[in-house]
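Common to both upcoming complexes is chain A, partnered first by chain B, then by chain C.
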Partner chain A sequence: MTPKPPQGHFNVLYFATAGSYTSKNVEALPAPLPLKKLFSTLEERYEGIRASVLDHSLVTINLTYVDVDDAEEVVIQEGDEVAIIPPVSSG
Partner chain B sequence: MVQREAIDADMTDKPFANGQATAATNLGADGGSRRLTDEEFERYSRQMIVPGMGKEGQLRLINSRVLIIGAGGLGCPAAQYIAGAGIGIIGIVDGDVVEASNLHRQVGHSTSRIGVKKVNSLITHLEDLNPLPTYVPYPFQLTPQNAADIISQYDLVMDCTDNPITRYLISDICVLLRKPLVSAAAVQKSGQLTVLNCPPTPQGRVDGKYAPCYRCCFRKPPPPSSMVSCGEAGIMGPVVGMMGVAQAGEAIKILASALHIPSPTTDSTPERNLQQPTLLIYTYDLDSAVGPYSFRALKMGGRKRNCFACGENSTLTLEGIKAGVPDYVQFCSVPTSKVDLPPEERITAAAYHTAKQSGELPEHILIDTREKEHFSFGSIEGAVNTPFSKLLMKAAAIKRDGSPASEILPADAKDSDAPIFVVCRTGLDSQETVEKLKELGLDNGGERRIVDIMGGMKAWKEEVDPTFPYI
Partner chain C sequence: MATPTSEPQDDSSLSQEGCYVALTNSPLTIQSVTDRVRSPQAGAIVIFAGTTRDTFEHKPVAQLSYTAYTPLALQTMLTIATTLHSEHSLHGIAMVHRLGAVPVGEESIVIAVSAAHRQAAWRAGEAALEACKARVEVWKREEFGDGEGVWRANRDGVRGERVG
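What follows is the complex of A and B.
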C-alpha cells in the first residue's frame, strides 16, 4: 500500500513516464495546494517535466478525473491522493 | 480461412427497439433462437452456465465480429480468449513478423514461427485452440487509407497497438463508424485499460452523458522524445498479458450483453447502458514502496463537448481521414526542443575509440546516461553511469537551491577540470546532457570541452565493437 502522507501533505503518484522522469512512484507534497498550481510546483522540482510529461497527462484526485484546464476552484487537500497518468502507447 | 463473404452485413446497424438491453433479457441482433451445435454446446458449456451468460449470451458471441489490431503483447492474450469464447469472426491486423525478443510476452507465437508474419503465426495458434471461428488475416499495417474499410466489417475493435499514431487513428474511425473500442496499453511495469465509445453515440451529440473517445481522455500525444516503446523501455510479460486478458474480458462482456449495438439517433433514452467510464491502471513494481502490485480504477469524464473527434462542431470525416486530414504523423511528432550542437562538440564513436587507443585523447570524464539496467550489460571502459532522468533531476535541484554545478558530476570527478564526454543509448539524451552541462556553466565559459559521442552505444556496437551487448 502507498504510505499515508504526513500531516499537512498530500500524496502524488507518478505513473509510467512520470515515474521514470521523477525516479519516484510516490511522494508527499505540502497541502493545501490549488490544482492550478500543481504543474508549476512539479516543474520547480523536476525541470522540463511539464513539457515532457504533464501537459499530456491525465490528473486524478482521489481516483476521480479532474480537468486541469478548468480548475479555478479545485484545491488539493491534506490526505488527498493525486495521480499523474501519462498516456501509454506500447503494447 | 479468409471468408469475408461470410460476414453478415445485416448486423451492423440494427438498433434495439427496447432501450434497456441486458444479457439476460435481450437477444443480440438475430439468432437467439437457433440451436447450438453439439460441438458448440460441449466447447462453450463452462462459460454458458455462468449467471448472466446463458445460451443467449453465447449466441451473441457467435454472431459477433471482433477486430484485433496488433498481434503482439496485448493482441496475443486478447485473441486467445476472444477465440476461446467463440466469437464468430475474428480479424487480426499486424504487419510485423515474429522475433525472438517478442516471445517472453507474445504468447500466441512460438520459437518455430520466428520470421513468420505475426498475423499468420497467431491464427495458426488460434485455429488449434478453436477451429470454429472464422479468422481473417490482415498482414499489413492499419493506415488512414485502409482503416475505415477494415473496421466497418466488425462490431467491436480492440486496440492492441504499440504507437500513438495508430491509437488516434483507430479511435477517430471508431467514433465515425460508431464502433465500441476496448483500448489497452502497457510499458515496463504498468498497464492501462479503458472502454471507449460504448455504447456508440453519433458524433457531435453532447446533449447528455455519453461515453468518451480516446481523444476525450488523451487530448494530445506526448512529445516523441518522451515516448517509450517496449523495444526501448522494456516490458514485463505478465503486465502486458494481464492487460490483454482484461481487454478480452471487457470485449466479451460488451458483446454478450449487446452493448455494442449503436443507440439509434432518435433514441429517447440515449444514456441507456452508459457505464461510469473507467480507466484501469495496473502497476507492478519490482522494487517499490507502492507494493507488490496495485490496481486503481479511475473514474473518467464522459464525452468532451469540445472534443476534436466526437464533440460538437467536430469536422472529422471518413473522407477527410482517407485524404490525409488530420495528418496523424504530424500530430504525433510535435517538434520538441531540438538540440543543435556545433561540430566541435561532437565526435563519432569510431573517432572516440581511435583517439583513445592512440593515446591522443587527454584524461577525461566519460558519463554514460543510459538507465542502470542497460549499463549493467556492459559499457565503455572508464564510463561512469548517471542515468538521464537522475541527471535532469540533479540539474533542477542545482538550479533550485543554488548548490555547486559540479554536484551533477560523478563523485570522484567533482573537482576535476578534465574534458567531459557523454554517451547514451542512441545519441539523443547525450546531446541534451551536453547542452544541460553547458547551461550549468560546467564548460567554464568555453574553456572546458564537453563532447557528445554521436549515436550512443548503438553506434559503438556498429562502428567499434560488434560483440557489445546492446539492448
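What follows is the complex of A and C.
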C-alpha cells in the first residue's frame, strides 16, 4: 500500500496516463499547498502534463472529489492523500 | 511503468444490505457472484459478464491489465449498488471487477442482480454496468504485439492515449 508521506508533505497518487507521464505511482510534495496551485506545481515538475493529462483528469483529496477550478478556499494539508484521476475505463 | 501501488494484496470488498462489491486479482467465477444475490423471494437473476476482447480497431491486443484506486473504486461501486438496490427494489446486487493482467477471453467484470420480476432485474443490470463504466476508478491498459500500449478511456471509446 501507499507509504505515509514524510512530515510536512502530502502524497499525490498518479493513475493510468498520469502514472505513465510521471513514471511514478506516488510522490510526496511539500504541504500545505493551496489546491489552486496543484496543477502549476505539477507542471513545473513535469512539463506538458497539464495539457496532456491534468486538463482531462479529476482530482480527489482523501477520497473526495474536489473542483480545481473553484478552489479558492481549499488547502492541501500535511498527510493528505491527493489523487489524479484520468478518464476511467472499467468493464 | 512501475508496479501500481494501489492494487489490493488480497481481495477487497464492501457490503451492505443486499449489496456486495469487490475487486480481486483472481479469476472471476460467475457462479460465486450469482450465489451472492440468490434469494427465495427472487423470480429473476440477471447476470452480466464482461470479457476481454482480442482486438481494438483490428489491431491485435496481446495483453490487457486493469489497475484501480481501490478504496475509492469500492466506495463508488457501493454507491452505485445501493442506489440501484433502492431504485429498482432489488433483492440483491453483486459487482466484482478483476484487476491485474486478464488473459484475452476471460471475465473482467461480473454483475449479478436479483429481483422479484425480470423487468427490474434487466433494467438494473444494464444500469449497473453503464454506471460502472462511467464512474468506477478502474483503468484498462491494452498492450499490442508491437510493444506499444494504451490506457483506454471509456468516455471517448475511440482511442486511448499512447504511452509508448
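The rule is simple: the second predicted complex is superposed on the first by the 87 of 91 C-alpha atoms of A that agree within 3 Å, B and C clash if a C-alpha of one lies under 4 Å from a C-alpha of the other, contacts with A are read in each partner's own complex, and residues count from 1 in each chain.
What we mean here is this: a contact is a pair of C-beta atoms (placed from the backbone, for glycine too) under 8 Å apart; a residue touches a chain by one contact, two chains touch by 3 or more.
From a predicted model like this one, the values you see are computed outputs, not experimental measurements.
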Pick one for A:67: touches chain B only (first), chain C only (second), both, or neither.
-> first
Could you look at A:7 and tell me whether it touches chain B, chain C, both or neither (first, second, both, neither)?
-> neither
Mind working out whether A:90 is in touch with chain B, chain C, both or neither, as first, second, both or neither?
-> both
Which of the two partners, first being chain B and second being chain C, lies in contact with A:45: first, second, both, or neither?
-> first
In the overlay, work out which of chain B or chain C sits against more residues of chain A.
-> B
Chain A residues touched by both chain B and chain C?
-> 1-2, 13, 15-17, 19-20, 23, 25-26, 52, 60, 63, 83, 85-91
Sort out for me which residues of chain A touch chain B in the complex.
-> 1-3, 13, 15-17, 19-23, 25-26, 44-48, 51-53, 55-56, 58, 60, 63-65, 67, 83, 85-91
Report the residues of chain B in contact with chain A in the complex, numbered from low to high.
-> 70, 72-75, 159-164, 167, 184-188, 190-192, 217-223, 225-230, 233, 235, 240, 243-244, 279, 281, 283, 285, 288-291, 294, 296-301, 336-337, 387, 389-390, 392-393, 395-396, 399-400
Sort out for me which residues of chain C touch chain A in the complex.
-> 1-6, 9, 50, 66-67, 69, 71-73, 75, 97, 108-109, 129, 132-141, 151-156, 160-161, 163-164
Flag every residue of chain A that touches chain C in the complex, lowest number first.
-> 1-2, 13, 15-17, 19-20, 23-26, 52, 60, 63, 83, 85-91
